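Letters A, B, C and D mark the chains as written, and numbering starts fresh at 1 in each.
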Amino acid sequence: MPLDTSTTYPLTKLRLDGRRWNELRLIHAQISTNPASSGSSYLAMGNTTILCSVHGPAEGRRGDATGGAAGSSGAVVEVDVNIAGFAGIDRKRRAGGSDKQSGRVASTLRSAFQSHLHTYLYPHSTISVHVSVLSADGSLLAAAVNACTLALVDAGIPMPGLLCGCTAGMSGSASTPRDPLNDYLDPLLDVSLPEEQELPFLTVATTTSVPTGADEDEDDMKVAMLTMDSKVHHTYIETMLAVGVDGCKQIREILDGVIKGSSQR
Amino acid sequence: MAAQRQASSASQTPHLSPAELSYLYTSLSLPGTPIRPDGRSPTQFRPLAAETDILPGTNGSARVGFADGTQAIVGVKAEVERTALGIQALSTAEQQDYAAAGNDDRGGGNNGGSKQGSVSGSGQGSWVQMAIEIPGFRDDDALPVFLAEMMREPLVESVSGGGEGGMVGGLKGRLVINRRWHWRLYIDVLLLSQPLSYPLPLLSLTTHLALLATKLPKLKSKGEEDPFFDDDWNAAEYLYPRVKSTKHSSIPGSISVHKVRPPVTLLVVSVAENIIFDPSREEIAVADAVLAISVTYDTDFDRLKLLSIRTIDPPSRLTQPGVPNSENVATLGSTTAAEESVIVNPSTGEEEVPGVWRPRRGGVKRATIAKMIKMVLEKGGVGEEVLDGLEGVEVG
Amino acid sequence: MTSSLPSLAIPGQRLGSVTTFTAGPGTHVHHSHVYASIAGPVFVDPAQPKSQAKSTISISRTARVKTTPSATAASKSKPKYNTLPGVDSVVLARVTRVQKRQATVSILVVLDESASSKALNPLQSASDNDNIESILSSAANPENHSSSDELRFQALIRKEDVRAVEKDRVVMDEMFRVGDIVRGTVISLGDQSFYYLTTARNDLGVVMARSEAGNMMFPVSWKEMRDPVTGAAEQRKVARPF
Amino acid sequence: MTDRRRINGPPGGTRPPIFASSLESTSDIVAERPQRQRQPNELRKIFLKTGLIPSASGSSYLEFEPSTSLSAARSKPKSVIPPSSSLKLACTVHGPKPLPRSATFSPNLVLTTHVKYAPFAGRRRKGHVRDASERDLGVHLETALRGAIVAERWPKSGLDITITILEAEDDRWWGDAPDSHDAAWGMMNVLAGCITAASAAISDARIDCLDLVAGGVAAVVADETAGRETTSQLMLDTDPADHRSILSACVVAYMPARDEITELWLKGDNSKSSVGTDNRGLGHEALIDGAVDAARGAHSVLAEAVRESAQRFAGLPSGDFT
């Protein structure tokens, strides 16, 4: 049995892990996992497991370059991503404690949350977010966005709405223009690590200015973050984006349930 | 941050005033019955929550959280690696006798090794790698390096006897697949927040649990073949083998127990005449001596055995001294010198004024060390209590 | 009593009981006995016959051989446990920076109290191993600032500590220039990075200075020094010349 | 960072090939292993001298006496590989000096220790960046010294202790396979040497100490001369190259005047051995006592070296003390 999606999917219409194209992986999340921090969360999207803790808003460290002029108008968000040595399939030894991937995830998260949170309420302060990736199995950035959102909600930091991330890919290389008559490629929701490695995918994070509700309007949905590193013909982008945004909506409901469920306890 | 790195081994010294330090020291040094700030008995550990097998991507994992919110996660990963051969293994058959004979004097471990024939000798300590990550520290800072070495040392050292359910040649021997291949074990320790106290007990307990939960895939190849393994994870074997419980009926509900268990490292401090286990940050700040004692269960004699001891620099040496009233400019004249008689501390031999903190100096008496070791090792002592407690944690 | 003492002690050597001796510099007390804590020759300051004080036993940090400490020095000086600047010790320091409110100096030499009343003794405990004359001669030209400044203790002379009179009229630029050698006393151990010095005494202030032309100047008054070549006068807080 | 631009030799020494024809018998290899010629409680001679580095405020140089097989091999080399090595190290003390600007106020002397192997110190080349074992040694040394120093007499200042190891002790006989006994036993001897040398250098720098702290090593070795019987024996100041199997070892930093230990590092499994007492559980006490005895021996050398340097310093003629 060949183990790649691009060959098996057209035959079975099932992905490697048995999902259909529009199915998310099982999401399990918890908030207030670590009493020592202002806010914390645990999030597992399939086999991608992330722990996130938030400290602050607190007084910024003195002598910090970002703590000075930049912080005068609002809080500064600091994100620190740590991918554990045992997170991947092979054990990875990182030199100096961080690598390229964690650095990129950290800077993307920082810019996403810096603009998302109501930082103007906390001038001269720092909100520091620590993300530990315990197990990485695709959609790392999306899972990290969701975990951070939960932890920041737990910490009680005001934000306009939940920031939810999701990935979307195509079930083939999608390098030729899309043929509307013979459309054999399906978009895939929430890609896993093997899919991430062979297929084009993008990560999108959306937010709403109004908290979720039954009367949610499509117009209120805002894309807060969008990254794509792979090559795909431009005609597919719209499909992928639509699927990704839809995935974010599903995730928002799940996160919403987690937050409401924990507050009832 | 810089100051923190400087205090390499002592971890962070809490900012306590000399008066607070003196109060702590006095209450902890009460003869016989020390009063600990959190009301524990001298041998009592802090309550903790533990779970194992939390990460699907590892061979074994565990999470332990203290009530104060400090959490540690340990993931164990095993990889197959080719063995670098020494002179003896490379040499011809006639030298094999010599090699076997030579290995014989290395205790029970290797006798078992030569019995199995194809499995050669014992493993190497370097096959076990340990990395500790502590937020706020770089991974080559002194504290993580020292902690990792401290915990790796007893692990590779624990050679235990063979026999039914035993581990031939200890952990090192267990990692040998055949003459040319072996497992390499990566133990990654992750501390999730800045440590509030010296993190050794937390890390050691978590590592212990993670190793207990560690499974290696079942070997399907035989002898000197290149190894291949059973795909079925359910068939995998525990790194530390388990046997059906016979003697240890004391633990309710457990069907299988480990005959061989990974070592645990206990943090023990002495304050005056008292020995205190699992010190909190405040307690360690006034300790006269801090020892890390690693023990494991000795299957041959059904008792605990000592694997390693390390002294840890007590942070009390770096604290600020208090000023007795007789020397204090602010209160000069209000007290006479006679009121504050200088007494000699019986345990340290230093002259001090009661109630005035003086940083500790000097070392620790041999008798004190012996007493600390005895309390850990003795039958029904703290070491057994901890190992039994860990055995109670549902594993797998 | 003295005969039982060794002339030379090494750390950890027991010197005597606390019932007969007081522990002086270079020693410590353990289990009611005085022990040596540095290696060096042992000295005993005999107690004043009339007072009840015990003899003080100390170990010299300096290489001076067999100078019986004068009774005056022994009586007035507090025991000094190290070669670091302590409160009241007289130091020679080089000015490294002059600001509106303070001058930053780096301490070159810590002088013993007993010796400061006599003359500058080059063999006094120096804060580093260099010869004192070489430090001072190289000190006055600002180009010669070596990186060894990093290894010297830094100190501040605040504006109000420059002189005892007319404190509010002090203009720092007219008191010190970068490169001057200043004699001062330590008033406080200060914060993590600086000691605090004062020059508010007649015998304290600038002792050596070069003019703008680069020549060594001589003092002409308590606030003026003069260049012997150009004849130009410059303002300084001058220490009383001996 | 490895040099990628050219093909480098292997980082460790390679063993020269031994051809079967050149061997009289296979037992030749066994014969090459150095044998301990000393009594179990006999220490190696130590050379220790202070004040050799004028730019430092204190310094010392320490050297262990080469074993008989090593000195024999040096005078009459049979092989390019020396049979064993002997410790040589230099220690410098800088300070007391101001703390770096970023440091916080400290009422005590802040001690910093650096232990670095010279690249050529061991049989395997060491990099220029300190590795884990060197950092580990540094922490051990810091613990040992901090207990001996009277730190409160030196407020606001720092003391840097730098040790360069010029020749390290072997962890095992070079001919043994790396699995024969792989724990870093040589490191313990190195630590003991570091402690003794640093103590001399600190005393040379005239930093107040409670006592001269000396390092000593003792080990339980499985004796191989007694035939097949595995009898274990307590040995002081073991050279790991001499022994096929070291069961456990202990290094202490010891202050004789106070009978106190400032640093204790014990490792190994000695539950199988019965040393000194019948009670197996007390094996570790015999080991610690043995290490203390070794430290007492080193202390006598240390005291003599410090006394010598103090005489030189004070200008007293040698021998003129009571």
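Keep in mind that, in the parts below, contacts are C-beta pairs under 8 Å (C-beta built on N, C-alpha and C of every residue); 3 or more make two chains touch, one makes a residue touch a chain.
Everything numeric in this text was worked out from a predicted model, so none of it was measured.
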*By label order, what chains touch chain A and chain D together?*
B
*asked:* Of the chains shown, whose Cα centre falls closest to the middle of all protein Cα atoms?
replied: B
*What pair of chains is linked by the most C-beta contacts?*
B-D
*Which chain has its C-alpha centroid at the greatest distance from the C-alpha centroid of chain D?*
A
_Centre-to-centre distance between chain D and chain B (centres being mean Cα positions), rounded to whole Å_ = 25
_I'd like to verify one number: the distance from the centre of chain C to the centre of chain D, where each centre is the average of its C-alpha atoms, in whole angstrom._
40
*asked:* Rounded to a whole Å, what is the gap between the Cα centroids of chain A and chain B?
replied: 37
*So how far apart, in whole Å, are chain A and chain C when each is placed at the average of its C-alpha atoms?*
64
*Could you list the positions in chain C whose residues touch two or more of the other chains?*
30
*What parts of chain D, by residue number, touch at least two of the other chains?*
103-104, 106, 150, 210, 255, 258
*Hey, which residues of chain B end up touching chain D in the complex?*
2-3, 6, 8-9, 84-89, 91-92, 94-95, 98, 101-108, 121-126, 140, 142, 145-146, 148-149, 153-154, 156-159, 291, 298, 300-301, 303, 305-313, 317-318, 320-321, 349, 359, 361-366, 369-370, 373, 377
*In their shared complex, at which residues does chain A touch chain B?*
34-37, 47, 49, 51, 53, 61, 80, 82, 84-91, 93, 96-97, 130, 132, 134-137
_Residue numbers of chain D touching chain C in their complex, please._
54-55, 57, 96-99, 101, 103-106, 150, 153-157, 203-204, 206-212, 255-258, 303, 306-307, 309-311, 313-316, 320-322
*Which of the residues in chain C end up touching chain D in this complex?*
5-14, 26, 28, 30, 35, 37-41, 60-61, 63, 65, 81-84, 128-129, 150-154, 189, 191-193
*Can you check the complex and tell me which residues of chain D touch chain B?*
15, 20, 26-27, 29-30, 100, 102-104, 106-108, 110, 112, 132-133, 135-136, 138-140, 142-143, 146-152, 175-183, 210, 222, 224, 228, 230, 244-245, 247, 250, 253-255, 258-272, 280-281, 284-285, 288-289, 292
